[in-house]
Amino acid sequence: MSDERALAERVVRDMLEADAFSRWLGIELLDVAPGSATVRMRVREEMVNGFGVCHGGVTFALADSAFAFACNTHGRVTMSVEGAMSYPVSVAVGDLLTAVAVEETSAGPLGFHRVTVQRQDGTTVALFRGTAYRTRRPHRAAEEGENGNA
Amino acid sequence: MSDERALAERVVRDMLEADAFSRWLGIELLDVAPGSATVRMRVREEMVNGFGVCHGGVTFALADSAFAFACNTHGRVTMSVEGAMSYPVSVAVGDLLTAVAVEETSAGPLGFHRVTVQRQDGTTVALFRGTAYRTRRPHRAAEEGENGNA
Amino acid sequence: MSDERALAERVVRDMLEADAFSRWLGIELLDVAPGSATVRMRVREEMVNGFGVCHGGVTFALADSAFAFACNTHGRVTMSVEGAMSYPVSVAVGDLLTAVAVEETSAGPLGFHRVTVQRQDGTTVALFRGTAYRTRRPHRAAEEGENGNA
Amino acid sequence: MSDERALAERVVRDMLEADAFSRWLGIELLDVAPGSATVRMRVREEMVNGFGVCHGGVTFALADSAFAFACNTHGRVTMSVEGAMSYPVSVAVGDLLTAVAVEETSAGPLGFHRVTVQRQDGTTVALFRGTAYRTRRPHRAAEEGENGNA
């Protein structure tokens, strides 16, 4: 495994461990690489809205977590500034959702990401676009790596 | 209370009762009127992300619920098509968030809404913009009202 | 050429002919297919903003035209409802911009599109996301085709 | 006039003078204050799209200029990072459009703005939301002011 990929994995595993809400959602890490992340979760009864389908905030949160993981893979603390989501298709209880986040481009401290959310049959159920602001502060996991302790 | 306001309240109370995720969030209804809704929730430990602050998906979900309530107040089943959020300020555990959703304008079946999320000290912590698609289908609560059973 | 592709071309050529602003921009049609369109333009002196770089509205208009062409290719009159753009890189006078619009997914009358704008060296200078609302009204070019007059 | 307001006016007049595209649009400055700007333009024949109504890029450009003016009023060179627009109502040739841009909130180098575009009869025809990134570099007009030459 490349150093960049190892760093990406360390940072994201560290983040997920501290991320109580992603754990409540049942988010599972499928893949991490520099600038990208793939996560998965199953929709539960307690995640529905007033129409009995998956609450938009839940689908958004899944995409937002994938986005947060992807944009922190370079080892600097990076924060979400904006997130926008379109919902072409309703999501039902029991659906297994996979979110793939990729960095489309970056400019100085800003990164522009895209996340696609699909359900088990391959249908795209949500499209997410996120803007991130990268600080100069390294992740703890990145520092450990540099010190040879990871 | 006007008939419109009574209808708005009936519809939203009906929606919130079925909305398991909004109830998990602890969302409380403060005010409902035709085209608008105000809700409130307190941020809990289980809502934090990997940086120990409130997960963006939680703040989004609060705004999205307020938006969903506001755009259904007219009594027709109305669905979120898009939602976009900016996060100027981090939200901490213990913060009490109030989201005010208002319809800015509408065009045919589409409605354009704005939600402002503030914490207890009046600081704006998130700005949300949502687009809704109104179907021709009446809410159950609206039909009951028309039949005089509500 | 398939019937679908021929229809797409007829509709878009018809639109471009009536589109005075796209012609002022110097927009040139490179490719049209069902659900997609590729266009190109060169940035001129009269298109700069107060900082001497290409005005954001010009880059947006290029993407918006590509989006409008792509979402009308199916032969029904389709209108833009929302458009959002990120600007990772400034565009200079003399730059040759190519915008590729593709339909990502659709749901009932709504279509969700993505447009990527690149300059001559392949750098992505803008990312656009657009939502379209498809009416039931056929394009004149579509009707002519059905009548065998096109 | 306060110093802040005088600075805002100097900066925006300087920007508009260099802004060839805003001048092509016929944008007229109605009011400038710290964090806000109001501009106006009339829609001309050469601004229509393939449906014979005002091209979305033109309405966007008007809002984007108002946004750019508003976010530079503090005297630092500030760039648009993102802009998103909803189009509830079509705009016709001859319509007189007024765009009011206000800063909703800011966080470090980022500013979040809202622009409302109305036509002559007070109807809201477009809603714009923009994110700006403020550099540390002062405007020439700001430096001149500091040196007492403006």
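Here the chain labels run A, B, C and D in written order, and each chain numbers its own residues starting at 1.
Quick note on the criterion: contacts are C-beta pairs under 8 Å (C-beta built on N, C-alpha and C of every residue); 3 or more make two chains touch, one makes a residue touch a chain.
Source: prediction; values computed, not measured.
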From chain A, the most remote chain by mean C-alpha position: D
Residue-number overlap at the chain A/chain B interface, same or different (half cut): same
Centre distance in Å when chain A and chain C are each reduced to the mean of their C-alpha atoms: 30
Whole-Å gap separating chain C and chain D, where each centre is the average of the chain's CA atoms: 24
Distance between chain centroids, defined by C-alpha means - chain A, chain D (Å): 34
Numbers and ranges of chain B residues touching at least 2 other chains: 81-82, 84, 86-87, 110, 131
Parts of chain D lying in touch with chain B, wherever the complex brings them together: 84, 86-89, 104-107, 110, 112, 124, 127, 129, 131
Of all residues in chain B, those that touch chain A in their complex: 14-22, 24-25, 45-52, 55-58, 60-62, 64-65, 68, 72, 77, 79-87, 90
Of all residues in chain A, those that touch chain D in their complex: 81-82, 84, 108, 110, 131, 133
